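Several structures are given next for inspection.
Next come two complexes built around chain A: one with chain B, the other with chain C.
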Partner chain A sequence: MASNHIGTLDDDKWWNESTTKGFNFGDESDSIGEEDSSFFGGHHEAATKINLELRAEVSSLRSFASDGSSEDHSEIQRIRDLPAFLWSDTGTIEKELEKPIISGSAPLAHDLISRDLGEGRLHIPQVDETIHQFLISSDAVILEPYKSYSQKRQLLSKAVEINDGNAILGVTMFLSKSLRPSLFRQLLMEFKPATEHYIRFLETRNEINHLVDLLNMLGRSKEALLLRYKQILRRAGGNLQNLLKDLKHFSSADCQLSDEDVVLFINQHLMLLDIQKEIKEKKDTLFPHTEYSSVLGTLGFVAEHFYENTTPQLNVDSIKQKFNLNSKQYAWVVLHALVKQQKWPQIETLLLTKSWLGGTKDKCLLPLEDVCFSLKEAPIDLISRFLRLIDDYDKRLTIARKLKCHMVVLDVYAAQKDRAAILTYRANLEENSKEAVYADNTLKNASIKWKN
Partner chain B sequence: MPPDIGLIRGVSRENLSRALRLKRGKKILIIDSKLTATLDLIANFRFLQDHGVEKVFQLEKCGPPQPIDSINQCLYLIRSDLMSARLVCDQINSNLNRNVQMTYGVIVVPRLLHVISTLFESEGIYEHVTLGQYAYELIPIEDHVLSLEFDDIVAQLWLHKDTSYLAPISKALFNIRGIYGDFSHVVAVGHYSQNILRMQVEYERIYTNNLKAHNRQESDIPTLIIVDRDIDFVTPMMIPLSYEAVLDEIFGIKGRIIMLGSEVTGKEPVKHNIPNDKVFEKVRNLHFSQVVSYLIAQEKETRRLQDGSAGLNLQQMKKFVSTDLQKIQALKKMLVLHFGAFDAILHHKKVNLKKLVDLQDNIIDNVDNKETINYLEDAMARSFDATRILRLFCLSSLAQDGLRDSKNLKTQFIQSYGYKHLITLHNLEKMGLLYNFKGLEVNAKGMAQVVTKVASASPFSSSATATAVGSPSSKTVHISPQAILKKSATPSNIMVDLVTANHSSYIFNGKFSPFVAKLTEEVLSVLVAPKMNSALAERKIDDHLKGYHIPEKLTSVKFKATSEAYGRGRNALVFVVGGITRGEVAALQTIGRNIGFNIICAGTDITNGTKIINLATTS
Partner chain C sequence: MSGFGMAEDEVRRPMNSVVDLEIIQQVAQKDLIALFQKCQGDKAIVWDRALANPMNLIATPKVLKEHGVVRMIQLDSGMALPPDIPETVLFICRPLVQLMPVVASCVRTEEKNRRRRKFHLIFIPRTSKLCEKYLEEQGVRLSLESIDDLPIFLFPLDKDVLTLELDPVFKEFHADMDPTGMHNIARALVSLQKRFGTPSKVFGKGAAASYVYSLMQNLKQESGSIKPQISGVGMDYMILIDRQIDPLSPLVTQLTYEGLIDEFFGISNNQVKLPEEKFGETKTIFLSSGEDLYAELRDKNFSAIGGILRSKTTKIQEKLRQKERGNMSVSEMKQLVQHLPAIQTLKQSLSTHTSIAELIKAKTETDEFLSSLECEQELLSGMGTEKVNSHIENLCGKKAPLNNVLRLLLIQSITSGGLKANILQHYQRLIVQNYGFQHVLTLNRLYAMGLLRLQGGSRYTTLRRALNLTVCDVSEINPTDFAYVHSIYAPLSIRLIQHRLKPSLWANLKDSLLSLLPGPTVDEDTEIPVGLISGKRSTKFTVVVFIGGCTFAEISALRFLAQQDDEREFLVVTSKIINGNTFLKSLQEDILSVQS
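Our next item is the complex of A and B:
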């Protein structure tokens, strides 16, 4: 039963009730092109048809869940015969202080060591055995008896040698407490894995100041900067004011002397925040700056709300210059904003450039195919204009058919002198529509030498 | 004969029940939400109930526990992660302050770290908790796929360089030896794989008596091939084209469940359970282009079966309705689902599979680089899915000796997706997945670069061979993804047939095989070769490894000297440290089929490029 599954506890109801009644493929009309169909196996149309038939037949889908298989007895016996080191008794250490470990419950060598603590002389366990205790994650590792520097060093060396993170970090922390900072640092420098584990530990403990110092000492200033930056982002949460304040301080205090290229980006981020602040002041205080947190996001917002604005701050062109955006980035973002506002005439000005010396053909900044699809909702004339710029007839035809730009389709057929194709296409057009009339006129055109 | 996978399942359960006994009697269980799916693969809710669990809460969502119906024992099940441990401390402290009378047990999965017990000590609540640990065995996701479900292992090992998960990996493999017998042949490639073998020696010392008492002559799984993910990061960055892998790429597969969204089902999303799907069993390894033909054929077959009922008499009809019809209906439901999935993939709004496959093929072939850059620029300007973009960045870096025009591309990425991704890009660099192009860029503005590079490359400086910052060079030993790719390319004398999937490279349209698959093929071929003694076999495999230009320090080949031919069962375990991909599983199955082996595919988790990139991404 599904309800037996732990991971699906929340979903029980959902699971049992979930039914599948039919499939919705949305718009069936946009079938895939010729070239695609070989890639996808070539049976796509047939598959869709069958699927439609099938979905009428299948009414509901019951919930499925495998129930936990019952273990048979022979298996239990075979499991019992397996070696003892598989069983976790040794790992599950009873260790409430009231009941100390009963000696003998774990018959392993490592548990027989160093129990005579506290009576006179300390018994110093072998380095190997201590590391073994770390390896099996025993909770009873005792490091305090290691007083001499050479033994401490030996411990770390062994931990690093077998590369067990538990041992490395355990020993490193012990060393940080029991050695003077300069000695400790010396060991860190010598044993790189120890450094890495210590760094990770400080980061999870959120001891950022300490960590930044350490990274700088190690010459990893880029990481130090990014760490601070990350901390600032996290601390500010969604608050623009705080982020701006903290980042400004950071930029003037920590970034000044650094020649890392991240500083460049951090300063740009500041610039962007200034623009976002401006938007909040001008437009409305509810500007969702976290949603538009990127440069292009902000550009899109400005293009959508301040397109005609010419004030130096909130102006698409000034943003383009400030962040040194290329024409592609600019054109795509502004195009989407203009489509949203249905500012169709502006789109032509945005995308089309007259070719040299007043040539008749326009040039488009962006890939025409994608532009045409972006203009799905635009007036048909505008789409047609872009469609006609596609040189490849077949490509133009496929897209024009998908976007239902009938005139363009007819023109392509006419150019290919394909009378039969026009006749077939004509049959699907609405009688007396502009397009139908256009088709008829094309067919009557005496200057075309039809091939069929 | 394949090994009895039920055994490891049994061991995992037995140890879970021991762990749950940390608090005897009735108790409340509070579980780290990242563990629920994993636990689900090991035991069901009834199992927990049988061990006294009355209620289950999620750690991140519930507040400090309260006694319920006089149950005042609380057992936490958390991952070995300092953050989760801190949450537990906070809850217990809060209860102590408010004088709530409860006792607490904390089970850490897979191991109780020293820092965690130290945390409990420093929080002053050490005497209030009983600490324990639970390490499950490799989890059989299916008969031929085992996983440790360590989902963030790539970040641990290659981003944070935290090696505390190596011991659980090594112990899991040590336990495999305990359950199925010792390995006779071990081939390991990669830094961490060497560490894992090294730890085996330590475990042997720790459990020496135990091992002796349990010496088995014959092994069910004589061969272990273990490889680090970073030897081949190219493969996960690629979209593999087996049907299962594509489903995973588009919808996501977790454990044994495919998450099918409303675009497939037409209504609410469905958690589709793989073991119940007979159709999936048949199509999962097909090349994506072959799936529809199969589905159509199946549909015709069910139609034929159903039509067979036409001439039946009443009695026969009754039987038909009660038995066959149900089966046919169930089959049909599955067919509908897969037709739906196929259709959804074709018309997916966010992932243009065809385009992405074309791009990755071009990157591998090192052709049309300008077009690739053009696509990336457009895609970023249009704010397409950031993870896909980064996968292509990384694929280019690895397959082409660095990302071309990387300064511009990285700037544009940050401008499109936000400045916080400065950290993401840095993380990818640190993991060795992203680095600047090291060759000479030949384009208009590249000329100046060429001149300066030539000028600075004096014969005495090492700068000509020095690698970019953040490239794998930081590890002091170099792996060349390009050299590995070159050796893994499909040999020219092999005709890869996508219909029959006759070669492991079919998942990449016949271009190359994943490294782990290629290596496995080489190792197993040597093992089954006649008149091969262990010394000779070792040398042969060493020779193969040399062809990949992997530093010797990172490889080891150890065969036991036995006179016997390859052991019974012809089973081999292939393990990827850092996660195995579904494409690799499909490729390894092809190899197993071709040379007559049962290959068990295993990893620290089942992974894909998106998962890896997301681990590096700042939220």
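Our next item is the complex of A and C:
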């Protein structure tokens, strides 16, 4: 694409809204373009003079529609910072200049043009015709002959009307090159589909700075934030340092003034990255932060490697508070980390809350069934302790049998006064084992009224 | 097959006896080969991954070989062409800009290595300005001898199903507001009508539906009018369903045989790759109605599969035992020998499908599956949709695949008519904290598309009652209602079609229904001059177009409708076959893949 071409055009040509090499749909466009700019030069001369000073200022800003990406950022900023009259005024001047050059069968408005046309130098097809060409093949479509704002508007309107992706994009690109930014923006606001196509185009070209500005201009600041955030995530790849740096910059530069709720998450992400950085510094081993990209993943790692740590950064409690973690979620993650380290006593402290006001029974934070299965490698006493908290006898029995907590099984049978069951169960226990003795004692217990 | 072993089974009518989709395949194949003939000699094809499979339905590798294709390579990022390929290289791609860098880098590498190559690029189904522009900018446009397009829009999956293989149509149209996919669909439908006739009635619901319909009108004007009726085939109805009017159905777990195969293993263009545990190695199996047993099984609820497989196996064993015992009359013997090849085929089929059924059973019996199914069915029945669902919470805690969580979350959001702000926030935090911050983007996309919503009048409750969306007592073995495809839930999309086709049902519901579903309505009835109608029109032939994809369960439900009504036959045209996972995947932000 002739990316810098607009920038090198002289002011007159730019003012005439005609670009010689904007968005070329065909090879002939070059010659036609050249012809036309000289052809229409006289026509616009008067207006051009009137606005000489204005032009001088605005001309430096015209790279809005060109292709340079990051360098353009500041310039677009400047466009937006310009006093309002520059935006609106140029628009109205533009409208004054707007003359129907040719509109199909309509009588020609300007004798200058009719004279030249009389010489048969130019045939501009009807807007409808041109746009419909896109449906057949976009290769042959030439848009450059359309000079006036109203024609360009018509082109876009027709393209949007027939709903053809290629046509909409083709025209939008042409307009982005050949129209002044303020007018281009106006048209985008008016024709939503064109905006979406242009946005998509900029995204595929990875012109994020451009796009972010456009979105902000259109008042879609949340999308702009998300887009920037996505870009940062992509650009960092898996590099923690870069991600942290970029996100910090982003957060202080763009997020400070925004009240979008995504900002909350972005700031939390930043907090998490700080913790991850700390982990990397403390731990010699490589900490694969991409595998622990979530808060709870990181929490798990901290619980596993820094459980007794009291420094505020690397402490499970402080993480819980910082991110306002749900107690259940928190308990799950820490439980798994403690199981891995076989820190059994700590598990009791983590999960059990003594009920007060004289209650005798502990309460468990998590569903007991799941807890018991997570503890299958724990000492039998610990598992039993949790098993006994399951109120439903049948459930307790099934799980206890699965986990081979014989004492609990025997207790359930005893509570159900099921002597026969104990006898059968005892047959499978190792002779003289603690459990076998316990079974015998249970059977001898005179205070139980057996049902069988 | 001669009907052996089917004799006592229900008689199934052909799914579509009206139009012959083979013509579509033949024409497409001819066009492809015509392009091949432009370049002489041996050639290598570099396939866009997403096209390689569907193109198989158009031209088999054997056919390609006959026309000089000696190598097939997959287009992959970071790839280089192997040195030992013919001079002529054809890239066959969808018109997607993200594929162009790969093409460009292949071409450049070859040039750097000074290899003599003739490159051609073929776009299916049409060229894109954006792609060509990109290649120009990268300076490789001139290295390509030709850029052509091959207007293959439709790929026949079966006698009654055509797919466009357009993956992200739903997202493109409703999130990116990009109508390019609509254009392809409109073109495909116009070409279909040129071949098989114009329907006398058109019904469509949803923004994409009316969009496609208006594009079709435009296209028809462009290419000159199509005669309203072409002899022979009578297309009675065309129904356009925008996925947006029913995003719920694809999220619900499919419980048909075919649906479950797709949910667990993913069917891609009639092929499924099965894990090695049953077959000793990873095995690719071809699934289509060409296989009698599969044609019978595919649409049934999985609960019915075991019984059918068992009884058929017993019957076969019986027959073979009789033969061994030798106590058969000569005529019986003769008949058996005649049927022997068919019996062998059936035996093979039975063994394959018994293995597949066992693989599925192992998965459907797990706690994960059953508890999620239970949660899903509660939500669909309108139970507990108001509060934070503890099963969804637990799934997060257990690090279940994110898609499983999102499916249930979206089902809750839709069935509750939008979540309360604090509940949505809770879920948002839950997912981000468990699965990573990048999913802020995922959730935002879902929110922007209206799949994840804030509270505001529950349409679902009203629709559920009006359309009888949940049916508790439908038999899974001998169903009387197509709700069996999800055991208790009848897909809204198909219920809408069912009601639209029955004037008596429609009259009552019309107004309330159309206002409850989003987007504009198309409802047209073209009177066809009597003189133009030729041939008998005893069969009411309905083309159902799913814009944004449909599930196997939905197709099964339509086939069930066809079985119920002797005069009705359906042809399904879908932008893609989807299931909950692929549907969600097409909506998600693709960050990680770009990272790698």
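Just so it is clear, the second predicted complex is superposed on the first by the 290 of 452 C-alpha atoms of A that agree within 3 Å, B and C clash if a C-alpha of one lies under 4 Å from a C-alpha of the other, contacts with A are read in each partner's own complex, and residues count from 1 in each chain.
The definition used in the following text is that a contact is a pair of C-beta atoms (placed from the backbone, for glycine too) under 8 Å apart; a residue touches a chain by one contact, two chains touch by 3 or more.
Note that this is a predicted model, so its numbers are computed, not measured.
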Touched chain A residues, chain B compared with chain C: B
Which of chain B and chain C A:H249 touches, first, second, both or neither: neither
Contacts of A:L226 with chain B and chain C, given as first, second, both or neither: both
Partner chain in contact with A:G238 - chain B first, chain C second, else both or neither: second
First, second, both or neither for A:K363, with chain B first and chain C second: neither
Touched partner set for A:K328, first chain B, second chain C, both or neither: both
Touched partner set for A:K417, first chain B, second chain C, both or neither: neither
Those residues of chain A which chain B touches in one complex and chain C touches in the other: 132, 135-137, 162-166, 169-170, 193, 196-197, 200-201, 204, 222, 226, 229-230, 233, 262, 265-266, 268-269, 272, 293-297, 323, 325-326, 328-329, 332, 367, 370
Residues of chain B that touch chain A when the two form their complex: 4, 6-7, 10-11, 13-15, 18-19, 22, 31, 36-37, 39-40, 43-48, 56, 82-83, 111-115, 117-118, 126-127, 130-135, 160-167, 174-175, 178-179, 192, 195, 198-199, 202-203, 205-207, 210-211, 213-214, 255-256, 264-268, 270-273, 275-276, 288-293, 295-296, 299, 329, 332-333, 335-337, 339-340, 342-343, 346-347, 354, 357, 377-378, 380-383, 412, 414-420, 422-423, 426, 618
Touching residues on chain A, where the partner in the complex is chain B: 3-9, 11, 14-15, 18-26, 30, 32, 36, 38-44, 46-48, 50-51, 54-55, 57-58, 61, 64-68, 71, 75-76, 78-79, 82-89, 91-97, 108-110, 128, 131-132, 134-137, 139, 141, 161-170, 173, 193, 196-197, 200-201, 204-205, 222-223, 226, 229-230, 233, 262, 265-266, 268-269, 272, 293-297, 323, 325-326, 328-329, 331-333, 336, 366-367, 370
Chain A partner contacts - residues on chain C that touch it in the complex: 97-98, 127-130, 133, 136-137, 176-180, 182-183, 211, 214-215, 218-219, 222, 393-394, 396-397, 429-430, 432-438, 440-441, 444, 589, 591, 594-595
Residues on chain A engaged by chain C in the complex (per definition of touch): 1, 132, 135-138, 162-166, 169-170, 192-193, 196-197, 199-201, 204, 222, 226, 229-230, 233-234, 237-238, 262, 265-266, 268-269, 272, 293-297, 323-326, 328-329, 332, 367, 370
